[in-house]
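Multiple structures are listed underneath, in structure tokens.
The same subunit A turns up in both complexes below, where it pairs with subunit B and then with subunit C.
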Partner chain A sequence: MPTALACRNLTYAYPNGASSATTALLRNIDAVFPGGRVVLISGKSGAGKSTLLHLLAGLLRPTSGEILADGQPVSRWLTAHRDRWRRRVGIVFQQDYLVSELTVLENVMLPLIPRSGSPRYWRESSHNILARLNAVELVGQSVSTLSGGQRQRVATARALVDAPDYILADEPTAHQDLENAQRLGHLLRQAAERGAIVVVAAHDRHVDKWLKVDQHLSLADGNLEPAP
Partner chain B sequence: MTRHPLLLAVFTTDILTVLLILWASATAVRIALHWNPQDTGAQQLRLQTQSETAALAVAWAFGLHLLATATLIYGMTNILPGMVPGAMCGTGVLQAMQSGGPRMLIYRLMGLAILWIWWRIENVNQSQPEAPLVPANARIVLLALPVFALALYAAWQAALAMDFQQPVDCCAVIYDQFHSLEEARRTLGAGHTGWLTAFGVLTVALVASAVAAWKTAGRRWPHLLLAALAMAWLPIAAIALVRVLAAYHYGVLHHHCPWCLFLPEHHLAGFPIWAAWIVVAMEAPVAVALSLLAARQAPPAQTSACHQAGLAARNTLLAVLIFLCLTVGPALWWRLRFGMWLTG
Partner chain C sequence: MRHRRYAQFLWAGRELLTHPGATLLMALSMGLLTTMMATGLLLSQALTATTSRLLDQGPDLVVRRVTPNGGQPISSQAADLALKIPGITEARPRIWGTVSTPQAAVTVVAADRDAIARLTITAAIQAPVRGEAVAGSGVHLPETDAHLVLHGTDTITVRITQRFPQETDLATHDLVMLHPDDARRLLGLALDEACDLALAVFHPDEAEALLPELARVFPWPVHIATRQETRKHYATAFGRRGGLAALLYIPAVIALALLTAAVIRQHIGSRSRVGLLKALGWTSRDIVGLQITKAAIVGLPAIAGGLMLAYALVYAPSQTWAGMLLLGWQETAPIMHLDAGFAAPVFLEVAGILLIPYLAAVLWSSLVQAASNPHDLLNRGN
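And now, the complex of A and B:
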């Protein structure tokens, strides 16, 4: 199990229109996300929460600074090594990015395929996680027939099916009712208890109704600070 | 100047190769000037991304160069002789290309050797998450650029010189080398028995050192010995092949032509034989370069470099054995079939 995911002096800037100038979305962020804890990052829309999660997941390269996983600078690793490390990361995106040609079960099985194990094991694991997220009745359905909330639960199941060491969830309950949000909160808590690093980004003020948070950070003006 | 599609294809591929290496060289210069793995600033992170893209460009250049060289050799030996009056194999085509032809081949082989070393080091580099050998490979890319530019210029000169109306005398080049039979039986003052003996002794020594280097990949001296023996073996193997052993492919004596081996009537044997010879020429120095490199690296990269050095030694061994089978094999077959050597 990982001990910590950290950002050191992390800056991310994006190009400002056609000119060569850039706008810094995140500025010199230093933070540590320890294993076995659930960390909530809150902030207004556009504050950079999703960008920070994408950086932590190795999907974006920082403009400067680095992301350290167990002290290793994964953000500076060669692409092939970073991709291999990313297999240990489960990401719940704001958009679900489900493959519309596949069924729900096939979508959830996808992260297991590069791993060893039999198709039977993949199916059983997928069924199990879907059941825990109250979505087992959807297994044979095409994802194109699902509602927004159902799609989000399937995407969450896909992120968690492989019991990842790092769980990065971006607004994971945006389309969920309280009962389903609480189920997800329970799953994330269990993952933290087995030692995983859990980082949740949300602007929902009622997060405490479904998720027991160990640390609450606030992202504003490019800076990440403990929430008041 | 000829506008044969084959030469145009090779020339276009060469231009593309030079452009890719030129592009990678721009990054290589920046790496040489600014690379600092301890720095996490924007410039260093940008350089890290660019170094991966540049490595991809050089890998493509290497592949294109191999493809163009194989196409050129095939064309020179199996297509262009039919168009150059008087040419029967690559010897006549080279004659038609005048001085540009041999220079083009030399620069091509040099370019191949440089990118071969780059590729082996890149394998070690890619095996490490933080790519510790980026600066070393950047310097190799900078070394490759002038060689590839010269190869392109020589190819241009060779294509310019070719004239399909101008006859050449292919056989005169081969047979004018000697004035008497006695001269034909000697090379550089030594008889062919002497060359064959040297070839045999060096081959046995090379095989033994390749096995030693392969099995003791972490030690430096077997690789140094392997490289030294390979450098001695290469010219002697070439002489033994062209002056003595090729006769068993041709079925006639004193036809000292390295290019006729590539012809279909000799089962295109030149391709695997000379490919094996080139592999020895490339892999043996790579094995020593990697074992020297391993000594200067941190433990994870060191292990990977040792592994690659072992692979290079194993490839050298396989190439020598292939060369041996394809050159000595026909001679032994001849001896078994007819009960005597071609020389009596």
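And now, the complex of A and C:
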């Protein structure tokens, strides 16, 4: 199990239109996300929460500074090495990015396919996680027929299907009712109890109704601070 | 490891089924292009092999009398003149020519014991009597009777009493064997005249050395064809046809390249799909492996099928499509001689020409996408 995921002096800037100037979205962030804890990052839309999660997942390289996983500089690794490390990461995107040509079950299977296991194992694992997210009745359906909330639950199941060590969830309950949000909160808490690092980004003020948070950070003006 | 590969093979098949139309189109295009290329090359090779085999059974030298106005009949006594030259072991005057029937042109030959021995493997053929004939499988008759009308210098009608055996089709396909008197009448030859003189020599490799002496021994100008010359003539003709056919492939190959690019794009899916797979823990190697597996699932059976179809078009008995399309044959094609030494390189060549660029295109586009930053792929989409 991982001990910690950390940002050290992390800065991310994006190009500002056609000029050579850049705009810094994240500035010199230092933070540690310890194993076995649920960390909430809140902030307004556009504050950089999704970008921070992408940086933590190794999907994006920082402009400066680094991401450390168990003390290893993930952000400086070669692509192939980072790709392999990412097998330990489960990420829930703000957009669901479901593959419309595949069924619900096949979408959930996607992270398992390049790893070990038989098609039977893929099916059983996917079935299991969908059941825990109250989405087992969707198994054979095409994702194009799902509602927004259902799609989000399928995308969440896809992120959690292989019991990842690092769980990064971006607005995972934006379209969920309270009951389903609580189910998800329970699953994330269970993952933390088995030692996973759980980082949830949300601008929802009522997160405490569905998720028991160990640490609450606020992202504003490019800085990550403990929430008041 | 094997279990994992098997599972990923199944997944690649499943992904292909998400675009069944594009997959089928790609397979059909590759299969048809393979058939086109392989048919042209196989036909050219088969003709060369068949001709070579026929020529091996034919005479070492053929002497024809020539005048400024063209060929002239040769006197039967010419054989005696030729046999005076040391090294010539056999001289046989031949009566043959091309005449027309209501259906198509045929080759007629006067029956003699030697001709029958050369043209038949089994001894089942009897020399025809006057008014009768033996015909090859490509000589068609009216459905109502067995009589064949032949138009040459004269017109005669003969009754087909026998057919050459199937195994002799290489040499007898459009052949009609007549009694010598019928053949002379049809071709306008006098009793002691023949069309040419077929010679056998003691050392076939040294046949060309006899040409000057042969030219001197006859009292009239002659044209002497050696087996090597004839072989070269046919090889050049087939090679030229093959080269012209190859030009036809250029647009087809360009079309395939464009189609491949379009289908690969669809097979790989949008850039966001690749970005998603990478975000979900697929390595570049996994993604490239999946695409190569998908390409192989489509390409290998398509190419194998295309090669089998080409093989059938060229070598299946009575198959006429290849000859009609590429050589303009109007009649049933002869059975081609299959030479594995010729056909195997053609198969490998065609498979290589198509498969290597196809797999290279898949590999390249997969690598380019797989090496990209997943965040960019996800956000920029298509």
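Just so we're on the same page, the second predicted complex is superposed on the first by the 228 of 228 C-alpha atoms of A that agree within 3 Å, B and C clash if a C-alpha of one lies under 4 Å from a C-alpha of the other, contacts with A are read in each partner's own complex, and residues count from 1 in each chain.
Here is the rule we go by: contacts are C-beta pairs under 8 Å (C-beta built on N, C-alpha and C of every residue); 3 or more make two chains touch, one makes a residue touch a chain.
Values in this document were obtained by computation on a predicted structure and should not be read as measured data.
Aligning the two structures on subunit A places subunit B and subunit C next to each other without any clash.
Vectors from the Cα centre of subunit A to those of subunit B and subunit C enclose 40° in the overlay, to the nearest 10.
Contact with subunit C, but none with subunit B, is seen for A:Glu101 once the two complexes are overlaid on the shared chain. When both complexes are overlaid on chain A, the residue A:Ile91 reaches subunit C alone and has no touch with subunit B. Once the two complexes are laid over each other on the shared chain, residue contacts for A:Trp77 go to subunit B alone; subunit C is not touched.
Looking at the shared chain after the overlay, A:Arg8 reaches subunit B, while subunit C stays out of its contact range.
In the superposed model, A:Ile113 lies in contact with subunit C only, and not with subunit B.
In the superposition on chain A, the chain among subunit B and subunit C reaching more residues of subunit A is C. When both complexes are overlaid on chain A, the residue A:Gly185 reaches neither subunit B nor subunit C. By the touch criterion defined above, A:Arg158 reaches subunit C but does not reach subunit B.
By the touch criterion stated above, A:Arg61 is placed in contact with subunit B and with subunit C alike. Put simply, subunit B and subunit C get as close as 9 Å, counting only Cα atoms, in the superposed view. Shared interface residues of subunit A, touching subunit B in one complex and subunit C in the other, are 61, 79-80. Residues 54, 57, 59-61, 79-80, 83-84, 86-89, 91, 93, 97, 99, 101-102, 106, 110-111, 113-119, 122, 158, 162 of subunit A touch subunit C in their complex.
Listing the residues of subunit B that touch subunit A in their complex gives 40-42, 45, 48-49, 52, 126, 128-131. Of all residues in subunit A, those touching subunit B in their complex are 8-9, 11, 61-66, 72-74, 76-82. Residues of subunit C touching subunit A in their complex: 3-4, 7-8, 10-11, 14, 18-19, 269, 272-273, 276-286, 371, 373-375, 378.
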